[in-house]
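What follows is a single structure, written as structure tokens, with notes after it.
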Amino acid sequence: MDGLDIEIKEKTIHSVIGPNGAGKTTFFNCITGFYKPEAGEILLENHSLVGLMPDRIVRLGIARTYQNIRLFPDLTAIENVLVGMHAHLKSSYLGIILNTPFVKKEEQEAEAEANRLLKFVNLETKANMLSKHLPYGDQRRLEIARALATRPKLLCLDEPTAGMNSGETQAMCDFIQSLRDDLGITIMLIEHQMRVVMGISEIITVLDYGKKLAEGTPDEIKRNPKVIEAYLGQGSAAQAH
Amino acid sequence: MEQIRAIWRYGIKVGIIGGIVLILTALIGMIEVFTQRQIIADVVSMGHALYLAAGLFICYLAAERTTPAKPLWIISNSMFAGLTTAFFLVLLIILGRHVNLRLMFINASDLLLNNLLTFGVQGNDGLRLLLIAGMGVGLFTGLFYLLPKFLRTVILWSLAGSAFAGVLQELIRPILANNFPDVISEWLLTSDGLTLKGALSIFIFIALIVISWSIKGGGIRQGWQGLPKKQQSTWRTIGTIILLAVILIAPWRLGLFMSEVMTIVGLYVLLGLGLNIVVGYAGLLDLGYVAFFAIGAYVTALITSPEIMNLNWSFWSAIPFAIFFGILAGVLLGVPVLKMRGDYLAIATMGFGEIIRLLVLSDALRPFLGGSQGIGQIAKPQVLGFVFKGPQEIYYLIVAGCMLVIFVSWRLKDSRIGRAWKAMREDEDVAQAMGINLVSNKLLAFGTGAGFAALSGVIFGSKIGSIYPHSFNIMVSINIVCLIIFGGIGSIPGVIVGAAALIGLPELLREFAEYRFLVYGIALVVMMLIRPEGLWPEEAHKRELHEDKTNEATG
Amino acid sequence: MKRSLFLFVGLFMFLAASIVFAAPPTDPLGVVTIKPGEPIHIAYWFVTAGSDSTLGIDTKRGVEIAIDDIKNNLLGHKIKFDGQDSGCNAEGGQAAATKLASDPTIVAAVGSNCSSEAKPGAPILWNAGIATVSPSNTAPYLTDPKRGPTYDGYLRTAHNDKVQGAVAADFAFKSLKVKKAATIHDGSVYAEQLANVFAETFKKNGGTIVAQEAVAPTDTDMKPVLTKIVTAKPEFIYYPIFVAAAGHITRQVKEVSGFEKVALMSADGAFSVDFYKAAGESAVGMYHSSPDFEAFGKVYEDFIQKHIKKYGEKTLAPFHAHAYDAANLIFKAIEKVAKQEKDGTLYIGRKALRDALYATKNMKGITGSINCNQYGDCADPRIAVYKTSPENVKTLVMPKKSFWKPY
Amino acid sequence: MPTKFQRWKERITATDIVMWFIGFALLVFIILGSILTLRAGRYTPVQWFDFVIYGLAQGSIYALVAMGYTLVYGVLRMINFAHSEVFMSGPFTAYYVAAYFYRSSLLESHPVICLIIVFIVSMTISTLIAFLLERIAYRPLRNAPRLIPLITAIGASFTLMYLFRGLYGTGFQAYPVWEIFSGKWALFKGLEIGKIQVFVIFAAALVMVALYLFIQRTRIGKAVRSVSEDKEAASLMGVDIDKTISVTFIIGGAAAGAAGVLYALVFKQVFFMMGFIPGIKAFTAAVLGGIGNIPGAMLGGLLLGLLESIGPALFLDGFNIAAPYQLKDAIAFLVLVLVLIFRPTGLLGERLAVKKA
């Protein structure tokens, strides 16, 4: 990636699109601290994120999901969500062993909140199922619930509708919008399906080979000649193979 | 035609495998050594029982695999399996007559080949008898297989139970002598093996239990579920109290040796629960876990023994020091391996274990740690003049330790920290992306595990009285890893069951020396193949299974 | 009805017995009663599994041959010989001893193999009144005057390291007249002790120890450590370790330049035909300290023949002969103290048996003349030094004549 | 903007400092020890040369065994604990062939042919054991969680060890001497080199190069590599996974069988536990070099051999520590930990970050 400059405004739904290998996921990995950019700066509300460990970044308010769902397969649904709340719980080691009133109260509250989140993603009946046994769509939503449990300011969704049929996709779009509307979370979205992107985003950034190709509202992007070329170019490249 | 092919596929092929297995069993000397020991006095020796059981098992496999399961096919396949197996043994015997097999296979003695394998009949008559016996066993097994499943289960359980009683006779004897009038012991046992009537009564006794359980068992279970919640919990409390009482009086009822075994199992439960936190919860494969055990034991030795440091403090004062140093070592050794994963971690930790052992063994540190002569005269625990001397007293100390550690593990398991560990186990990267600080949580896991091991080491050192570096070799670490997976990884009762199975049983079977390691190895392989989740898997799986069932019931 | 009959018969027999012997057999530690047809139970606690199992199996076979030699008949009773694996570590010794201690039929025990087993194990056995004779423990501590009363039931037919190490040092200094020696041990209780005793005595004699090294019993490549030793220029290397590692060292000494003239010496732990197999021709000219069995050579050869016939292989480790002697020591003591009824019932007093064991004097064993002192050291203290000739290696026969004797 | 100091504080944790401190302390210890030893000047250059040769001979055996571990790790991602028994089974069985040759004087008249036959027997047995091991114990567990096959492997290791103990006995057997390998060749200036060491190093190198080329050049080798890179993709490309894994075990088994004979030629003694320690060492070597990586296994094996041979003399002698060679394994493991601190995936291992995104 090279010379990328993206600004994400609060409480927007901001999509990042681009052909395969354009560096979208790499961009996510940089934001969430898995990769360290060689140069440059990532700021969250003026706080530099470069070089911080991923767990610190989560605490600062960025959460993510994964393109190829990465839940904790042998934990139950509710445990997955509770793990997401880890950073905001304060039970100490000794407190846990002695089961102090504080720990008890905190656990109860955490469980209540986890159940609330599960309800929010319509999984309240499946709280005790191992996440690896959940159907695909449920797993996607559970992953989002887990990300929400970290109480993020910015939520990065990596292809949330991958592998879904149109009905499911629509439901997911509505759900994403409700996240922003109801919870007031800023959302950054990587997406492949143009229909989804155009439908829900307020701002779109187009990446190609790690560079920013264009940025703007969906309408602007649709008309941008560079974007059209990049996508056609990719298509013709594919034919050449 | 079809039937001939089936005979080849299910009968002869199984028979070939069976033949090879039986030849190996004979050549490693198991049959010969075990014939010296009687299961039923003057009727069946253990060697013969093993020999027959192997034959029966092979034929049973052949019968079970047969498709389609027509009675005639089953019997013919089973007979052919038996015949083929016998044929292989005949080949071995003939070979043994022409070549001195003993130049290579030291257990291929004349006695084995020309007497034991042919049921005491020598010469070519013996070979004929062997072939006939093979077919006979096959026929018997085939017919047995055709019995209704219920009957088969009952007979198998009862047979297994009687055989088990025969194998463990040395243990049963003192227990009977301790708790029951001599009549029972005389009825069941002779000085060498069960009596025939004793074996029969055990057989009938188990058969009755199995039958009554299968008739009434379902009803009892339903009745239990039908009980109101409150009543259930009262019964549970009563059950717990009975269990506690049994645990408390056990050493005095079961005698010296069983207490010793229970203390050893208890030490491994402590170790297993500690490693369960590191491997089972946090998913960090630690093959050098014995290091912390050694540290616990050596700190105790240094503090309480008049040798070397000559501090002569009491056992109790050693506990906090040992645990402190154990945890410290756990954290310090944890730091360098923080970034390693999977098998790199395993080998690095194994290296630590070896380094600690080599250091305590070394001449260089001999003035401080005793070298190969170890440290002796470690203090026994004392309370108000009461000395925890033998295994029957130390047992209570270990039970107390186990309870403490079980309690801590159980509290941690479903807490914030336990969840963080499990998340790390499942996927380290994602766990970090969910706000879990890998460094502190890994170190917490290492430290907790090391603390438990150090506690185990304290009791171990005091129990043995003198410690040597030899006791802390890598096999201990490997054993602990095996037992927690054998029992069910991440599961607290699993650790206890695993320790009982993998430490307790070999301990009980000490007199079988080498063969117990062979059996240990086979048991590990077979267990992982047929039941990889372990004997008593983690609750989450069961909880879910249970829920699946209720869902089905309602839906 | 039946019961009272038994009682009556029992009473009668008791009376009969008290007429035969002036007093009924009593013993402060209890009496083992062996009814007619029942065997005399003698148990072993040897290391029969794992990496040190050659030691245990070797000694176990020694006892088995001793039983064969008395035709499995002691005072008209068979001998039941079984036992426990003691693992060659302290915890194994403790567990095995506990299992033996919980079996009241056991009259006496043979074991342990490793000194680390005996340290926790012997007191447990003695607490149950079982005397034990070890064929292979050599650590001085076990028969030290300060060992305490908990070890009262412990004896051994293996020699104390103190004797053997000193003989080796005297031999090196006085006979070979070397002034600079090096020692190698393998981290076992046995070898380390011997090496230390050797070093102390050698220094006391006026020599210098130029290097004290250690290897692991599982090591195979000894050339680096030998190269290190060669820089200290010793004239004599003493490595009282076991066959496998001693074989490696002996072979590899010749491959390290600078050791052309060094004299090599090992102890009874590596004095066996197996060692010749392991070391090959490099063993020629090397010295071993070992019990002086010149007078008993024939018996020992018979023993070896029986062993090969029975087990299909040669002896595995150096202590089978000690085990044979240990077994005979027990048999003799039982014969001495057992009180026998006319019908064959035996009474063996535990304390009496122990005292009889300790009182053994001038018993002819295959390791020499067995004399037990008040602390349980029974081995013939006469240690001789043997030198290996080319014939020994070629024909795989142990040297018959000793090379040097300290007395 | 945050100050430079604050940025540092947020990014460097205490554990990092401790870790680097431990790493550097070890490094300083090693370097200091080496300097002290070299300044004391106890060893002549010839002796240093000897150390290197001994280390290389031992190391090349480790490397051969390590290849088996690393190959299996590549395709199955598991520590094949039972590989040490594969290593033991071949030479232990071939001993009986060698002993027969010795008794019948064939060994004297046709040493080379005998040697070749012994190699063939050993490699066949080891290969067979490795093949059966995979079929019986590992294949049914293809998709099990990581620790399950590890335990199976430990169990299989026990089973094989005690099976062979039962068959051939507890004691060790000593390989006969091949006269062609005894003695030394004199190089210049008093440098000498044992024939057997030369043979071992060359034979091991030959086997390793052959295996490497086999893996790199042949179709089967390519299949093995593709499976170890990505099993799913390989199977989509039409590679028969089961067959490839079997082939991998066969190759690893053959290498172990050859290594076993070399071991037996150098050290003479074979017995049922002979595989345990070399097995652990070889796996350590594989990890040192970066597990799954074939040149890494070779490098790791040689390095480990060298460390064991030179390490105690070089690092510890200067401190005048008693019996430094008792600590040679400790030195080897310390260096392993040191390497892994700075390179968590071994010397030639892949970087972790690219694992999966």
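So that you can tell them apart, the chains are marked A, B, C and D in the order they are listed, and the count of residues begins at 1 in each.
FYI, contacts are C-beta pairs under 8 Å (C-beta built on N, C-alpha and C of every residue); 3 or more make two chains touch, one makes a residue touch a chain.
Note that this is a predicted model, so its numbers are computed, not measured.
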Chain pair with more C-beta contacts, C-D versus B-D: B-D
Middle chain, criterion being Cα centroid separation: B
From chain A, which chain is the farthest off, judged by mean CA positions? C
Can you check how far apart chain B and chain C are, centre to centre, with Cα atoms defining each centre and the answer in Å? 33
Nearest whole angstrom, what separates the Cα centre of chain A from the Cα centre of chain D? 45
Rounded to a whole Å, what is the gap between the Cα centroids of chain C and chain D? 38
Which chain A residues touch at least two other chains? 34, 53
Where in chain B do residues touch two or more other chains at once? 106-107, 361-363, 514, 517
What residues in chain D touch two or more of the other chains? 13, 169-170, 322-324, 326, 329
Using the touch definition up top, name the residues of chain C that touch chain B in the complex. 38-39, 48-50, 53, 56, 80, 82-85, 88-91, 94-96, 98-99, 101-103, 105, 116, 119-120, 124, 127, 139, 141, 185, 187-189, 192-193, 212, 214, 311-313
Touching chain C in the complex, chain B uses residues 102, 106-109, 170, 173-174, 191-192, 255-257, 260-261, 264, 361-363, 371-374, 376, 390-391, 460, 463-471, 507, 510-511, 513-514, 516-517
Under the stated contact criterion, what part of chain D meets chain C in this complex? 42-43, 46-47, 50-51, 54-55, 57-58, 169-174, 177, 184, 190, 192, 194, 263, 266-269, 271, 273, 276-277, 308-310, 312-313, 317, 322-326, 328-329
Mind listing the chain D positions that touch chain B in their complex? 13, 15, 18-19, 22-23, 73, 79, 96, 136-137, 140-141, 144-152, 154-163, 165-170, 280, 283-284, 287, 291, 321-324, 326-327, 329-330, 333-334, 336-337, 340-341, 344-346, 352
The answer for chain C against chain D in the complex is residues 51, 53-54, 57, 187, 212-216, 218, 220-221, 223-225, 227-228, 230-231, 243-244, 247-248, 251, 255-257, 274, 277-278, 280-281, 313-314, 316
